[in-house]
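In the two complexes that follow, chain A is the common piece, with chain B as its partner first and chain C second.
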Partner chain A sequence: MKELSLNILDIAENSVKAKAPLTQIILTESEDLLTIEIIDNGCGMTSDIVKKVIDPFYTTRTTRKVGLGIPFFKMEAEQTGGTFEIESKAESEFPNDHGTKIKATFHKDHIDFIPLGDVVSTVTTLIQGHPDSDFLFRHVTPKGEVFLDTREIKNELGGVSLAEYEVIKWIEEYIKEQYQSI
Partner chain B sequence: MTVAEFAEKYSMEVLSMPEPAREIKGGYMGDLLSWVMGRAQADQAWITIMSNQNIIAVASLVDVACIILAEDVRLDESITENAKAKGVNVLTTKEPAFEVACQLSKEI
Partner chain C sequence: MKSLAELQAIKDKMKDKVVLREGSAQKRVVVGMATCGIAAGARPVLNAFVEGVSKEGLSGEVAVTQTGCIGICQYEPVVEVFEAGKEKVTYVKMTAEKAQRVITDHLKGGKVVTEYTIAAYAK
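Then we have the complex of A and B:
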């Protein structure tokens, strides 16, 4: 993909499909590294399935025989000299502590590094598409931090849906303002 | 022209040829896999320099006639085996991608 933010969107959509009440997207940047973590508390996967999702010929969809979200993400990290890890605990084996954690590290100064792109759109698209799920977004940079937790916003708003246009616009502006101030 | 005929005529090395009689009906050149996935068409020959296992998945999904690896790019044996198992033809040549495209244009 041309932007890593599109990969993040694709993988976080898997978390929502796995019925995760909370999906965390955590970006940590240093001078030369970008680490992207996507952590959910959804139904998780058994170790057999984890091995398969790295295989580009596996998918949870039935419409095609290949699933490329995770294989592409892994390739994009590794082509910068970075790393990719996936850990998962299936609900069937860990009823009280289940979910999936994906962590990819990118060398930002490598010529094959794909830019992060519009991560604000990724976050607002996820929230608008899945207002009943919760998302935590944190982007730590050497200059400062951007943070959003939909659970906090829901507490403030009472019963108003996060998919409402005014609400999603406000969330977008709120994140953008934080980026401008760091 | 079939994939086997094209490989023979331009002295390309065959890495995987489970479907030698596939007809080449066009060409596509690109290395950004998600882009290729959305734009390449079935029955085209896909010219690339990428060599990870994802190219086999993209080729299978798009149903290209073959992958042509330019500039003598080679595949790990496990990837070649997977290509054969998934019915994906893969050729390799020392020529750069542009030259391969020129060769293709003479035949289609």
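Then we have the complex of A and C:
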């Protein structure tokens, strides 16, 4: 991937596929580290499956026998000297507290660090494609914080779909303004 | 600064439109957004369709949606156009610029952009 924001989009699509009512994307930056967390309350995975998802020859898709999303993301973190963790609780074993949590830490000053890229576009793309799911986005930087929660937006909009162009455009500008002000 | 309260205005504006629009999308543009599509550049293609369809005033008749892996990863970004009563059209190796032409020629003008279709590539 050319941008880490594309990995975030890819991984978050798994959360939506796992029927997560809420997917949280949390970026925490310090001077030299970037931590990306993607936390969902979807159906989760059993410990056997969790072990397999970091293997490129495991996939949920039926059209091909390889799944590269998670292996790519893990590799991109580790190639900067960073770390990758995945934890999951399957709905079958934890009916009241299930979901998947992925956490990757990147060293920003490493030569193999891939830039974060257009994370705003990732958030709007997720919302456009999955207007009935909820997303929480938080980007904490040393200078300030950017925040969006689609549940708050839905409260204001009543029944209007988040996939409407006017709404997507508003969300895009809302996040961009927050970035400009920090 | 934007505030959440502004959404009230969008809500009021959309109310009439939504009623008009329900079930009226005759065409469906589906963009493949699995790992293969995303890595090949599907995100800007999707955004070009979302924006272009709205700007051309086609929101009432064209729905832009996302799907997973279509199974022809080597041709990504792949975009499928479904229209009631017609055969599915599969566009391959798409870009934001090509999307613009599909919107004007195909979605608006009704003429398939043959040179972007899989049939033109898979020779």
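In this section, the second predicted complex is superposed on the first by the 182 of 182 C-alpha atoms of A that agree within 3 Å, B and C clash if a C-alpha of one lies under 4 Å from a C-alpha of the other, contacts with A are read in each partner's own complex, and residues count from 1 in each chain.
Methods note: a residue touches a chain if its C-beta (ideal position, glycine included) is under 8 Å from a C-beta of that chain, and two chains touch if they have at least 3 such contacts.
Note that this is a predicted model, so its numbers are computed, not measured.
On the shared subunit chain A, the superposed partners chain B and chain C are arranged side by side without overlap.
In the superposition on chain A, A:13 contacts chain C only, with no contact to chain B.
By the touch criterion defined above, A:48 reaches neither chain B nor chain C.
In the superposed three-chain arrangement, the CA centre of chain A forms the vertex of an angle with the CA centres of chain B and chain C, and that angle is 80 degrees when rounded to a multiple of 10. Of the two partner chains, chain B is the only one that A:75 touches; chain C does not reach it.
When the two structures are aligned on the shared chain, A:31 is found in touch with neither chain B nor chain C. Legend: residue contacts after superposition of the two complexes on their common chain; A:1 is shown touching both chain B and chain C.
Here chain B and chain C are compared by how many residues of chain A each touches, and C touches more. When the shared chain is aligned, chain C comes close enough to touch A:166, but chain B does not.
By the touch criterion stated above, A:56 is placed in contact with chain B alone, chain C being left untouched. In this overlay, which is a superposition and not a single complex, chain B and chain C have their closest Cα atoms 6 Å apart. When the two complexes are laid over each other on chain A, chain A has residues 1, 6, 64, 68, 72 in contact with both chain B and chain C. Those residues of chain B lying in contact with chain A across their complex are 32-35, 37, 52-54, 56-58, 60-61, 86. Against chain A, the residues of chain C that register as touching in their complex are 1-2, 4-8, 10-11, 13-15, 18, 33-35, 38-39, 43-44, 46-47, 50-51, 53-54, 59, 64-66, 68-71, 73. Interface of chain A with chain B (complex): residues 1-2, 6, 55-57, 64-66, 68, 71-72, 75. The touching residues of chain A, counted against chain C in their complex, run 1, 6, 9-10, 13, 17, 61, 63-64, 67-69, 72, 118, 121-122, 124-125, 128-130, 152-153, 156-161, 164-168, 170, 173-174, 177, 181.
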